[in-house]
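Per-chain numbering from 1; labels A, B, C and D assigned in written order.
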Amino acid sequence: MSKANQSTALPKSVRRYGPLAVLGLVAVWTLVPLFWMFLSSLKIRRSMFEFPPTIIFEPTLRYYQDMFLGANPVTPFLTNSVIVALGTAVLSVGLGTIGGYGLSRLDLRGKKPLAFWIISTRMAPIVVVVIPLFYIYNALNLLNTHIGLIIAHTTFNLPFAIWLMRSFFDEVPVALEEAALIDGATKWQAFRKVSLPLVLPGMGATAIIAIVFSWNDFIFALIFTNNATQTMPVAASQLVTQTGTLWGQVMATGVVILLPMVTFGVIVKRYLVSGLTMGAVKQ
Amino acid sequence: MAQIALNHVTKEYSGADIVAVDDVSLEIDDGEFLVLVGPSGCGKSTTLRTVAGLETATEGDVSIGSTRVNGLEPRDRDVAMVFQNYALYPHMNVRHNIGFGLRLATDMSKGEIEDRVEEAAGLLEITDLLDQKPKALSGGQQQRVALGRAIVREPQAFLFDEPLSNLDARLRKQMRTEIARIQEQLDVTSIYVTHDQEEAMTMGDRIAVMNDGKLQQVGRPNEVYNDPANRFVAGFIGSPSMNMLESEVAESDGNAELQSAEDGALTYALSAEMTDEYALTPGDRVTIGARPEDVRVAVSPDAFDSQSHETTVDVVEPLGSDNLLYLSLGETTWTARVPPSFEPSTGESAYLSFPPEALHLFDERGETLKSRDLTDPLTTSRVTAAGTD
Amino acid sequence: MPEHRLRRREFVQSTGLAAGIAATAGCLSGGGGGGGGGGANASQPPGDDVEAASSIQFISESTPPTKALQSITDRFTGETGIEVEYTLSPLLNYTEKLANDLSSEAGNFDACYVDPYNIGAPYFTDLEPLNAYIDDSGYDYEDHIEVHRIACSEYEGDGTIRGLPYDCPTMLLAYRGDVLDEYGDQATSDLGFEAEPNPDMTWSQYMEVAKWINENVPDDMVEYGTGHMAKQHQSLANEFEMIQWAFGGTQLEGFDGKDPILPDDVSAGFTDDASVEAAEFYQGLVSDVAHPGSTTWDWTGVAQAFANGQIAMAPEWHEFNGLFADPESSEVADSVRWTLAPSGPAESRNVQAHYGGSSIGINAHITDAKKKAAWMFIEWATSEAIQTELLKQAGGTPTRTSVYERDEVKEASEQSTAESPMPNVVPPILEGWDLDNIGQRPHHPDWLQLEQVIYTEQSKMVNGNQSPADTMQACEDGFSTTL
Amino acid sequence: MVEHQHTTEISGVPTDAYVGEEPDDMEESILESLPISFEMVLLAPSIITLAVLSIIPLVVMISLSFMEVSFTPIEEQIFVGVENYVDMTNDGNFWDAWKATAVYVGGSLSLQLGLGILISVMLHRVIVGENVFTSIVIMPMMIAPVVVGLLWQFMLDPTFGLYTYLMNQIGLFIDQPILGDPNSAMAAVILMDTWQWTPLIVLIILARLKSIPQHLYEAAQVDGATGFTQFRYVTLPLLKPAIAIALLLRSMDLMRYFAKVFITTGGGPSNTTKIIGLYLYEQALRFFNLGYGSAAGLVLLAVTVLMGLAFVETIMGGAGDDE
């Protein structure tokens, strides 16, 4: 209902179909590489390099077979990626939620610099900090462990999680918590039983973004893991071999990396946008 | 039920050098309905929140019943509060909103809670809304739920923080009666904060007027209306506001009179009794005040046996039962409430008059020298800002 | 030895707060990965009383031989009971991981692939000296062809062996037999010299043939005469180095592409006339003659273009022959041929191949038990039987003389790519490894960085943003800064 | 709720100078007695985590930036004062990297922001299909940049790339590979990043759009605002915080990450796409120039922080320190 109200001076047909046309173009721009990736993952190597490119060909599933049933199946790497991404999401959203709440409700003169410091910890160049972290990790026996990688990914997810969660909590009226305090809640209960349920969609959105960043990380995963704990991006990079890029496997890997995220994304997309919105809470 | 006492309560915000509440002392009797009224920013809400435990007093003590509650968390104070925006929990239905406090803070069984919730809902006539989410309710219904959440706890005190300001005028009047009814029925000590003096007048057993963090006066509504402690209270309580004029005591022909400071638009002769009683000497600066209903207006000065003053009619505002006249008196505008039959046209000149009995006088500091003289003088208890001085 | 370890510890301690935490945690957790002697020159294999560890970590660049090795490692595990876990990455990523591990002495990787330039030269002190291991076990080290022993086993000039030769991609010249068969005679008569690439061809002749093919061979057979790995990438440096040596130029004063062990103080080269000439030649070749895609290709791009039939000739690592030979991936399986790269105008030396080999070694910072197991593994992996096996799987390029003396190998080396069961034995490989023909990079710890100067400046040159003379000057400046 | 945004007892424990009727101090709650507030207690784990994981590396970076670290023949660190910084100012490649970064970050940010706003407004406007389109639009950010880089390299290859083919059809890039020319290579890496990360901006802005109360639009319409004016004077100002967060997030990642550039152009041709992140990666991780790399890293950090501050201050008017 809200959309139709935003009348403009443009003719009705433009108003109605203009956005669709723009989005159609965007969808094409977005999908062409993905579609090409998918097609190429079904082509035997030679037909991948045909010029002009072909759309009709005899598909093969060998790269997928190779990935899952071959000598070096990617399943463990996929599992690693999932474990690390979920672990990171839990840790960043967990800490980010209570931290974001604290930051939102904090009444302190230095709040602004503190908030900026928090986000600025995400700005450090990974390629440099990874070296001292490597020493620390080595000393703490965190190398080649899932938890080590989860902690590393938390470094770049937590600051953003705190900021996002803080913005959600900012939207929750303080009076709700006060009402709870008067109703007999402790501060923790007011947070836990009143504010927290209200930012659940926000937590979902934050988790998804954390998962995306963790899922995509390369440098930490490269330096801090060995074969047993490496993640999909690192596994994908190995397809660039000394004697040529294994394009078929690269494309199939792309599809395999994308699919779970898209499925997941479609399921939780509602949270993603409405979670980032939070308009409903404010009265 | 309990008595609530504030003893020299001060609240400062350390960061901002703001004194929100300045040395307020106040006692609310068991079962009494006290309205805390004042303009926005006067510290009334902070005072209420100090009682609730949402703010901590910088100095002074708050006690509820026999307990000094300064260090206590809100949950340990056994009070209930109704917020301006109702503060209903959006993710809970009405039943859970009302029952939340009971579930949290008591060890009542589910059934007991349910009974209490039903009972409260019945009292508020919202039984059929119990399974709705707050979002689905109208403003008035939400307000009732907020009330329900307060009464179901059977607390020692109700605290209302401008609960009606988000409602439209009709609903506000209705809810005003409703709240008053429930409070009376339950007989729970209540503090009610509002910026609306009409609400204060109609609802409170007593009214406490605050300004600038300081308590100005506490008294029964009529008392505060008829015998305001100072210029601020006089101007704040009553609608339209009391007419006021700066003046100076002068002497003319051996008789004292008040001359309006600015332009001599008004001179008001004083009787000797008055100068004596209020120790007025020439040169004293006093403020004249007169309530609109005490100002009489006529087209000719002959209508009055006492002194009259010439003015021009600016605006005529018919209210139905009365007409409000806005009259230019020098550079100030005075308001008069006159019978509906009297309806001069704009720009016409008219004469106003007010009897000495109706006269209010305030000294240079704004303290009341004289209030209007009613046939049945009431005992007043004045509390001034400085407390005892 | 103790002094050395102390210095290492100082490094960690000097990292301030981190050190406090790291050291504390290190103590609590029982001392991390360190163990063994580590880093000294004396080779001390674990004694007989040491039991070999039951599992080891092996890190390698993701190469065909390592992948092939991985697929047959269960045999090793079957024989010895030692599990081997593989960590494979592309060259640079493997370098980053291993460099971190070696320099921090974390000891996460036991056996490691040693790229002589990326890892060997800068971190050889972190690799276990193997001389005594070889002596004790009777390992036939001398069977490895001399060039490999020089190029990727030794770094100090005192005979300390830090790795066992393992694999050796070598840059040679690949060309399309079908194109030359069909048009070779015509080209030969047009140009006045033998147009089919052969060891006697010079670089300027090569350019002429390429031009001739551009102009005379129809596009549906092949579009361009030559293609190059001129992307801003290590590949560009490798290709240019080979040409520079062939022209008689040099990257470092006194270094001729033959002896990798450098004197203590070296200074930058490049500004000699031969280098400038090589640069001018290379710019002409890439900008004017070669397939325009050349400036975006590294060795993989060139190989792909060659396999797709887009170019007739290209200098390329011979290991790509496996790709060319695969009819599913390649249009040219029947027609690819190899020969030595063209020779240059230089009289003083001859470079017609570029060395790209590597060894495998043992991390010095691991326990004796791990060392023992790692030794068993690298001994096995570089043995004649396994090298032959890797060759058969189209994975590796053996470095042992004895492998090439096997009949089946000899036979395969004489067959054309399409029919050969072992495409990694391209006919001229042994010739290329002849010390008279090979060119190799020096063992300089900063070589990676120096090479970057070359390909960065060269990239500017081949894209027409910088003249060859300026480019050589820029390379000299860049080298001087780094040195 | 006009005058009471302050809800905490940060302003201190009451002095209790006046002794009340029946003092009952026994029940001071534990939280109240702590020297820090409840909010701080909640914030503390995050602050400690971030401090450990960011301050320690930072201290190491700062100390290393005054050192020269070498590993061969033995590891040692020599204090060299500000030499690394002096070297940096004299390093042409360092400045070239910053020039490339300015183009890359500036181009990517403006393109992504422009597209991001356009797409999100369209998504907000469209009457049917919002869900489908949103799901499609956000896909690229779900793929690891390593794979995205390879995919685009594949699409842009001069001999078999689909995009090369399409370009050739309109007569472009026939003799000049897309990644072989400095301008088109830069354009390509910017487009690649735009392809992948515009979705993030779309998400952030779309969310904000949805939370703008309808009555604001209605008010604007009453005031006669239509189409663009309404967008310009009502929507855009309200989007500012979201835009600032999006810019902040994207700018810091554009500065730090380089995987796609690394894979497709490797910084070339002629160093024209050697962005600072890639330059730093080479110095620190590839060449292991820990001293110099740390110094350059600190400069990068400083620039990123300043950029971030600029976005936060100018657009958002403070670090979201509302009301």
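Structure notes:
Keep this in mind: a contact is a pair of C-beta atoms (placed from the backbone, for glycine too) under 8 Å apart; a residue touches a chain by one contact, two chains touch by 3 or more.
For clarity, every value in this text was computed on a predicted model and none was experimentally measured.
With steps allowed only between chains in touch, the distance from chain B over to chain C comes to 2. The chain pair with the larger count of C-beta pairs in contact, out of A-C and A-B, is A-C.
Averaging the CA coordinates per chain and comparing them to the mean over all protein CA atoms picks out D as nearest. Ranked by how far their CA centres sit from the centre of chain B, the chains are topped by C.
Mean C-alpha positions place chain A and chain C at a centre distance of 38 Å. Separation between the centroids of chain A and chain B, computed from CA atoms only, is 55 Å. Per-chain Cα centroids separate chain B from chain D by 53 Å.
Centroids of chain A and chain D (each the mean of its C-alpha atoms) stand 14 Å apart. Looking at chain B, one finds that residues 15, 54, 73, 83-85 touch two or more other chains. For chain A, the set of residues touching two or more other chains reads 49, 51, 107, 131-132, 136, 173, 175, 178, 187, 223, 237, 239-240, 245.
Residue positions of chain C touching 2 or more other chains, listed in rising order: 15, 18, 21, 96, 304, 308. Chain B meets chain A in the complex at residues 15, 52-54, 73-75, 79-81, 83-91, 100-101, 104-106, 135, 149, 153, 159.
Across the interface of their complex, chain B is touched by residues 107, 109, 173, 175-176, 178-187, 189, 193-194, 197-198, 280-281, 283 of chain A. Residue ranges on chain D touching chain C, taken from their complex, read 52, 55-57, 59-60, 63-64, 67, 69-77, 87, 91, 93, 157-160, 175-182, 265-271, 274, 282, 285-289. Within the complex formed with chain D, the chain C residues making contact are 4, 7-8, 10-11, 14-18, 21, 39, 92, 95-96, 99, 103, 121-125, 231-233, 291-293, 295-296, 298, 301, 304-305, 308, 310, 445-446, 448-449, 452, 456, 459-460, 462-463, 465-466, 481. On the side of chain A, the complex with chain C involves touching residues 44-46, 49, 51, 71-72, 131-132, 134-136, 138-141, 143-144, 222-223, 226-228, 230, 234, 237-245.
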